[in-house]
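Across the two complexes that follow, chain A remains constant while its partner is chain B and subsequently chain C.
Take a look at the complex of A and B:
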């Protein structure tokens, strides 16, 4: 793919967007407030849509353009607005991660290690496959997003943060799919996005009810159900 | 193939290209959901839901007949596909859906009379019920594995919605954990599915060009050629991901909470049907992985997870206090047995696994219905506070005892039959250690069930105040028949299937076992 003319700028563009995705993910890791996480997530989604558009341009598949547009609309606009609106009535102290299970400094270190691990893993497991330039650039990033999202989910106390972690995982998944298989068919893409959207709506509804019933969004207060 | 009534029915109803039309089974619950939303009243919602699920049962019988006569068929350009394995999974969806719909009416009316729910809740409940049936029906019908994933994720969302119908703290906690754990698990599964599809498009330019790389039939056609390195990782991802949803240990942590806190008819659907849909997904990929890697590794993984699930469940059942959580852990145990049986393999093992899916789908809803009725009357789920059910509610007490003995694997009930077949398969395939461990764990489960069940059924009611006699709610007992009918249907099935499997079902299971065994045969 690509003639000589586009070769150099393309790889630059890919590297740049990969860096942007990682930086925005770290934005979620280092910030303590819900507004901070959301804006980092929004940047991440915008860059993700941009990366998708680049893949669409290079491969010339119109379905990937549509996927990029949908990503931009749903993940960069609808989901952040929805979450802001639902949590509007919640007191500020429940939106701030004051005392995470793992300190922010240590989280940053672990996240960096996770990125390194992702690059190593992808290189090792997919060594035999002949990957194209998109896969080479984006696969390690997508696996990093997956790992860091998972780490954010388990290392924080605020239930809101678990939603953000889940959204990062979903972004990683989307990048993985698009980079590896040049996008699954559009109807599946739409189905996945619909699932994410409904999932965010349900978790927002649940959060709202929890904020009315429990005193906080602290997941440590979710401990009634266990076997003893 | 022997001519059977159902096959004749199928051949008559589906002469040729009609099979695609039969896939309109998805339209039925979708329409019902729309109608419930439009009418937005309690009584019409009950009637619409019942009519819809009755139609789904008829459509399922038609599809089963079609599969028996034609083998398999696809629709919508290969997007949907149905073979014997898929048809077998459709049966519990329609069947349990049917009894759960009847039970729902009685159960929700009583909740309404007790003031637990209002009209709005009930309309939402029936909207959710139809949506739940719709998403579950889509799982065995999807040929595109991405579509199957979308359907399974949708079942999570709908069932979370139904668990949080009651806004008490426990239900919300259960719903939250379920949503988070299942969604993360399913994300892993999607990674695996994408890797499978990548492995497929990598070696099959035609699949890549036509965009059918994610279709199960296309993967199966190329199974032997797929890159084993990629398939190995992909299968582990799918197994962990869908295994989470299927409640296999150690990914089962959300299950007892969710199944324990859901409204009883929903618990019956979650345990009796939804787990099958998830394990169905695992087994679909097991066929591909067995083809690409050879059967050894996938079988060993399934045996390992199966035994682990049985072990965790046996311990938790023995020391359990909460009646519904005990039943939830029993589901973990039975999904473990299914995984174990497929791991044992061979035609006997696969046949036993599929028969066990059906048997569990009959016995578990029965137990949930009985325990739901009991806990509604005693207003507790703590087993030590429930005594002498046989005296206070003779019918439900008898059902509880019978169902409990059946689910614990006592002969001559249906679960015993399939468990015995699983053991036969285990020793037949030379897995003596796994087979012996299975017997040991079954004994622990049996002892655990008996330990809880006997005082509940036969004990003398210690605290009479705990039991709310029917006449305390003069309005409340009116619908007792709506709870007794579904239980009676299931009891009859539990007993009959213990010594007699109708021939069409036998043929269907055998065909489905052949589908499952496709990967392992050279």
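Take a look at the complex of A and C:
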């Protein structure tokens, strides 16, 4: 018999959530439809809220609980619903990434390299810093989220993907601050969340106008300036 | 030494009989679960045995234009699969053939079986065989790197490629919650779906459909040859699921063959239960997904490769 564990240790929980965050980010890279991206983003936000709650439990700061609850409410419920609502009138063929600048398979492999890059970077830059277990686990993950979100934004053609990429980057930044500082003041968290909400609303409005004016979400058709 | 050798032979014989006898039952369970989740009654779980015995007694039809490859392929596939199954420690932490080779040989034997299946698919010169073969070639060229990377992840984590020591090490450490093994597990799950021809990749329930892959290569087979190939397909499924269970979820498996009869028996029963549960999960997933377009299948296989790559990266970090 292997050694029996009496309870799930903290490090296992942290590892599981870190892997879950990475897998859900890969989900955004591998899916081709808007619904797929949104569901991957939703899972990511739920895991993010869970890991925030773990940090809150371990540090005992009630403000982080509030931040976790807010994350769950805003990122896992409000933002996906808002995006689905706004894009409801858009034709389905504009919600599918049929012809990205970098193919889906290549982007997957590049994403793995980005994960390696961010782990290497964080290990190197923060090798001497005296970090706790949360920072050690989550900082590289947050940097990979940042990189992969950025990569999704530049490598895809559909404007909806840009929004999802931005949301992933924001998740990465949120994880970064929470893991490193263990509790920015709640006011700041609320401010950031409100900012994101407004940002998504504005971009959703822009998307709507885009679809009405150009009848397409293809950002390649936005590159040329027209005079008329 | 001789007592030990006798023990290995006895375990090998028992495993051979058990794997060969239980493999169709596993297929039957999977079909039953699939039928129940689709709100059908479904055939009895013993239906694969009836099918096989009927096929075994039936006459064979062999095309005049086919060569020896077509005739010998079922036997080669069956022997290669059974040998591969004997390399895998299925019920006890000992692989009966482990003195002769390691996990890489298992992959080689499975590749040999696949290679001859593909040859036989083109040999009879039917249009379907060609379609199936070209699809299988495309998929296996992506399955193999993923499978190899996954095996490397496991080998690096536990040290070595010898299956006996791998399974013993897994049993000693219990479930490893490390990013390496978790990503390896994800990759291995996807690979198992692909390798056993399950739904997002290939529909095992169809016989005349343009999307078929594995069945298209076997379309010319009948009678005893078909029975042999189907039987080895079930065996491969059982062996791979047992490998997954023993490497990634080694609950209840004793760490050594000297643990005594009771822990070994419990371990064997636990393995059977785990394999049955995994098979049910596979069948359940199969009802939840639809067959993917052939060129999207590559996305999923690349996801498996990427996941195994991430596992490797985590090992070296």
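The definition used in the following text is that the second predicted complex is superposed on the first by the 216 of 228 C-alpha atoms of A that agree within 3 Å, B and C clash if a C-alpha of one lies under 4 Å from a C-alpha of the other, contacts with A are read in each partner's own complex, and residues count from 1 in each chain.
FYI, a residue touches a chain if its C-beta (ideal position, glycine included) is under 8 Å from a C-beta of that chain, and two chains touch if they have at least 3 such contacts.
No experiment lies behind these values; they were computed from the predicted model shown.
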Touching partner for A:30 - first (chain B), second (chain C), both, neither: second
Contacts of A:104 with chain B and chain C, given as first, second, both or neither: second
First (chain B), second (chain C), both or neither touched by A:160: neither
Partner chain in contact with A:21 - chain B first, chain C second, else both or neither: neither
Touching partner for A:168 - first (chain B), second (chain C), both, neither: neither
Contact residues of chain A, present in both the chain B and the chain C interface: none
Residues of chain A defined as touching chain C within the complex: 1-5, 12, 15-16, 18-19, 22-23, 26, 30, 32, 104-105, 108-109, 111-112, 115-116, 119-120, 123
Residues of chain A that touch chain B when the two form their complex: 125-126, 128-129, 146, 150, 153, 159, 162, 166, 169-170, 173, 176-177, 180-181, 184-185, 187-188, 191-192, 194-195, 198-199, 202-203, 205-206, 209-210, 213-214, 219, 222-225, 227
Residues on chain B engaged by chain A in the complex (per definition of touch): 144, 146-147, 149-150, 153-154, 156-157, 160-161, 164, 167, 169-170, 172-177, 179-180, 183-184, 187, 190-191, 194-195, 197-198, 201-202, 211, 213-214, 227, 229-230, 233, 256-257, 260-261, 316, 319-321, 325
Parts of chain C lying in touch with chain A, wherever the complex brings them together: 171-175, 177-179, 182-183, 186, 250-255, 263, 296, 298-300, 302-303, 305-307, 309-310, 313-314, 317
